[in-house]
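Letters are used for the chains, namely A, B, C and D, taken in the order the chains are written, and counting of residues starts over at 1 for each.
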Amino acid sequence: MTDHIRAAVVGSTGYGGVELIRLLLTHPKVTITSVISSSNAGEPLTAGYPHLQQALPVETLDGVDPAIIREKADVVFAATPSGVSGKLVPQLLEHEGLRVIDLSGDFRLKDRAAYETWYKHEAPPQASLEQAVYGLTEIYADQVRGAAFVSNPGCYPTATTLGLIPAVEAGAIDRGSIIVDAKSGVSGAGRGLNIGWHYAEMNENFKAYKVNKHQHIPEVEMVLGERAGEPVTVTFTTHLVPMTRGILCTMYASVADDRFLSEDAWIEMYRSYYKDKKFVRIRDKGQWPATKEVWGSNYCDIGFSVDPRTRRVTIISVIDNLVKGASGQAIQNLNVMMGWEEDLGLRLAPVYP
Amino acid sequence: MTDHIRAAVVGSTGYGGVELIRLLLTHPKVTITSVISSSNAGEPLTAGYPHLQQALPVETLDGVDPAIIREKADVVFAATPSGVSGKLVPQLLEHEGLRVIDLSGDFRLKDRAAYETWYKHEAPPQASLEQAVYGLTEIYADQVRGAAFVSNPGCYPTATTLGLIPAVEAGAIDRGSIIVDAKSGVSGAGRGLNIGWHYAEMNENFKAYKVNKHQHIPEVEMVLGERAGEPVTVTFTTHLVPMTRGILCTMYASVADDRFLSEDAWIEMYRSYYKDKKFVRIRDKGQWPATKEVWGSNYCDIGFSVDPRTRRVTIISVIDNLVKGASGQAIQNLNVMMGWEEDLGLRLAPVYP
Amino acid sequence: MTDHIRAAVVGSTGYGGVELIRLLLTHPKVTITSVISSSNAGEPLTAGYPHLQQALPVETLDGVDPAIIREKADVVFAATPSGVSGKLVPQLLEHEGLRVIDLSGDFRLKDRAAYETWYKHEAPPQASLEQAVYGLTEIYADQVRGAAFVSNPGCYPTATTLGLIPAVEAGAIDRGSIIVDAKSGVSGAGRGLNIGWHYAEMNENFKAYKVNKHQHIPEVEMVLGERAGEPVTVTFTTHLVPMTRGILCTMYASVADDRFLSEDAWIEMYRSYYKDKKFVRIRDKGQWPATKEVWGSNYCDIGFSVDPRTRRVTIISVIDNLVKGASGQAIQNLNVMMGWEEDLGLRLAPVYP
Amino acid sequence: MTDHIRAAVVGSTGYGGVELIRLLLTHPKVTITSVISSSNAGEPLTAGYPHLQQALPVETLDGVDPAIIREKADVVFAATPSGVSGKLVPQLLEHEGLRVIDLSGDFRLKDRAAYETWYKHEAPPQASLEQAVYGLTEIYADQVRGAAFVSNPGCYPTATTLGLIPAVEAGAIDRGSIIVDAKSGVSGAGRGLNIGWHYAEMNENFKAYKVNKHQHIPEVEMVLGERAGEPVTVTFTTHLVPMTRGILCTMYASVADDRFLSEDAWIEMYRSYYKDKKFVRIRDKGQWPATKEVWGSNYCDIGFSVDPRTRRVTIISVIDNLVKGASGQAIQNLNVMMGWEEDLGLRLAPVYP
């Protein structure tokens, strides 16, 4: 077991990158040795992020050079946009001993055709796709352990699949009946400029977007299908909430088994399923989690309601999209890859209020 | 046709009341002659609402006295809490010639037992319930015309039923498959103090509440059932959005008829259904309405997505909960009751941004 | 007195333009006959502003052609950016009988050198500058009456000068001691994209900008100096508040005269000064106005605190930056130009909450 | 030097208390052994704060019993309201070896009469006042070191005095000219219910409150006067910003010395003054700090503007009111009291965005 490693963050000027930096700064076994940006190399990181002044051992942004990254770091987090990671990661993987955790969507779908349909550009090479371990840590820790390359899940898929997997595996719901109504804070859209994310347009506003077209849909179906042992198709709607962080998924399904017509049964099933998982908290009966209750932390909280009138269950899950939905889970994966305690550097209470 | 009437607003210190005042102030055929509050009688309205300074012809709050109300006014808006209206309105109706528009939920459900189940207190007398015309104006204008007593719909039911009625009537969807995922701004909860609506708790927060238990559920089912000619049961979840005004309902149902597997078919069906309705706007293909696009106005905007993979339609409707969802629709009902143009005093563009 | 006029709005796709449209739609003596945009001519206005669907008699954006504008309209509102108005307005003024109200900053400063120092581009021609009447309506109504060309004040100068003029004229404060601490909602920055106004950056954030450098400073000093009869220099700081609309100015000055060491004296002085002004409301003792109390309306509310310990007065004024600070005041100016009642189309209560 | 201590938090159900818990949970030398609430003793802390589920070693709230506190803890944080601390702390201090850090305002003012004037209730006993060391850590570390009882500064005074002390000590400004325009997020008002902090009232709103009357004014004047060696009187206005956390103070003063007419001189003076202070960051020329840039962290960032036209300096300082303005500084004081590194448990980057 290695005691201390050096980390590089590619895409340090995006929200995923800067959140990785915040979290890694308090990780007891990691030192950030390189912050990397293709577009701002040579500039101080604090030019775009004055909040990091004096907080960081390295200050100047490096360019993207796999050989230099390998020299400076033992693990690299690729917090790069979809399309960019697909090209960069194969080059990084050529450098022996360099561990890679990719936060883009490029290596999640194993099916290149599906990738190209949903992401609208060319998929990464098949060889790299096969190397990638899908890092939904609670479910795939065995594969992550010792892996050299982990593909970190998307924010919506994390909240959705953690909320549905126990039910899907148990056959508690009709797999054809799943509807996911997902809501996210604006930071999920990244730091790029867009009139839709302009303050005066988004404040006092709630809206749907990419209805039935979000690129996270096939990822959700892939994971649920894999756990179910048969194809699962979902209806999936994404909405933007006037807040910065947080995802709440309200998930509906028809109860397939009379044993699951009470909330107690759901709570028991999920508490049992996640009993050793530190970051999944099953809420008490009659309590549904709010996004602020996980804000800034790596938790995923889940609550239930069962309506005997309609025989449907309503499952509500929340995460912080930038932590459990991105950078926190990436660190959780690093911990498992390294054989460390899963929650090292992540024992953070949510920030409240 | 009367040319000008005098209006009293009971419950002037709540959000529904103060919004009625804002809207009535620009109505060309109405003068506010009494603002009424049981708890603050004798005080100036501006004590709690300094924004109304100099804006209003009457300044001092009157107490609740039906005889005096009748003397001062031709129509009374009861923007009183549920439970209070149930007692007050029967007394008001004893005064001949006084028209009443009630904004509470007390006279919406015709079934007293259902009322008591969902509202948890005693239902109003049967006689008053029978007098009440349910004022979902686009649908029930014929009954509203000339009525003396209108029960104004709830905010969630307005957005929901306007979004579902054409489909339910046309048999375009499987009536047992309806799921409504509703989101509301915080003003819907009223001006009462509650830690859950405290700024520091609600800001940067999104949460579900009253899951499967909201008192608007039976109202939605009553209206949809009445239009369908058979009972309709829905799954209905309510959420609070960190914003002041606005409701967005995302509604899911299985398409029952192959003709409705395209968005064009939905747009055509709804445009035809609402063709003379000034306040319902059906959005173009690929456009889903956002709450800010109806903010401060009496519009209800509706958009569609059809997913051929799952054969489900997603219908999205938005309103301003305090206007079309309460005070604006109350004035729309007044206009129809009086035989005036339906949009008198309501030709307001949404406030944007 | 003309009974009805036709209006064109240039810059219809900016926030000032779209707010003009909202307000003009309910003006009883104005019809919008042309909405104009240089960059989006030929497109429907609703492409960028779906909230205006069905609300407007004209739908397609016209290009900027002064001759056609003259044909279609009797008055033109130029809600164009600074620099653009300076070139366009002189061309518009060549068309006889066309009244022009300019909302940019281009014609406010009479001193071309000052303009070029603060605005960093060339000033408009001297002749047009001389034609422009500065439209701070409460103060300069006599000049506005019958004018052909009005330059509408800036948002910060409106809130600031209405809050200071009575004191400056009365000699109640030391004119060298004025400090203005101004705070504005984000809509004041317009619809242009900028990372600083991105939702995730601005939400839960409060910041200063352009400290001592805002281009509205010389405008404030010009007006105060003109009323004082001697040069006035101010310290002026601008801040961005995480909200869409609203300006609050906290203004400090040393009391120059013992008669003004009580709040009563200030209230009396201001109520007397503004006694016939419908849009200025002087608040009662111990009450300071909040931005929400004028939201969506043309009011400017003012309150006071006098500290006998420091012999300083604190004056607080609020406006809606898009109404009294821009489009509302432009319509107020139109009313005065036309000899109509000053508040025609502007008898709007603030939207609350 | 003690290696590890046990901490009790009184007032665990307020925002200051819950923030202490969040921060102490990652402190390497502290274990929380008791969470205390007078009103909710016996209940689980998570009843009011479900976000803390599973995060905390102790779960049930203890009542307020000094003897038991002494048994369970080595240090007690009193995050109790003003008035309550004044009575509780003297009892705690009777227990030998128990260190006390008080976050209320009760022990800040040494002058009992001043306390009673501003706080409107009886001051604590003189003896306890004399024991209290005022814990503005950057300035009074020498007194804090080894102290048994520290009175933690108020949020506004922390931001204000850190921003003014170097100038006051250097004689760079006219001490009679100081004006502080302070803005705070709503969490500063605490968790108590009040219509003014209700979401629908505070959202899209900016307002002043307690103008010239805030109880933090004498605290600011006490500290500045002590550093100046002569009385200092300030004009001080407090405002509420529609955000949860953050304070920004804009401070104005006349420059008293020509050497300080450039921003470079100010930056140099402050960098030199705070050169060993890890939590004070002086910003580069032309950069003013925003509240989000210190959000969730213990930093105080300071920037400057000098206007040669008016010979005034504008100093802008920001803190997170719940961290450096309350709980973070309390822990900083604990570290200094214990002889530990000042930033132990506080090496936190701001949360961004």
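Criterion: a residue touches a chain if its C-beta (ideal position, glycine included) is under 8 Å from a C-beta of that chain, and two chains touch if they have at least 3 such contacts.
Which protein is which chain? UniProt says A, B, C, D = N-acetyl-gamma-glutamyl-phosphate reductase.
Everything numeric here is computed off the predicted structure, so don't read it as measured data.
In summary, the chains found to touch both chain A and chain D are B, C. Relative to chain C, the most remote chain by averaged C-alpha coordinates is A. Among the pairs B-D and A-B, the greater number of C-beta contacts is found at A-B. Averaging C-alpha coordinates per chain places the centre of chain B 36 Å away from that of chain C.
Centre-to-centre, using mean CA coordinates, chain B is 46 Å away from chain D. If each chain is reduced to the centroid of its CA atoms, chain A and chain B end up 39 Å from each other. Listed for chain B are residues 15, 185, 187, 200-201, 203-204, 242-245, 289, 292, 295, 353, each touching two or more other chains.
Residues 179, 181, 183, 185, 200-201, 203-209, 211-212, 233-235, 237, 239, 241-246, 248, 250, 252, 288-292, 295, 305, 307, 309-310, 312, 314, 316, 353 of chain D touch chain C in their complex. Every residue of chain A that touches chain C in the complex is listed here, in rising order: 15, 185-187, 189, 191, 193-195, 197-204, 242-244. On the chain D side of its complex with chain A, the touching residues are 15, 18, 21-22, 25-26, 49-56, 187, 203-204, 244-245, 278, 281, 283, 287, 289, 292-297, 301, 347-353.
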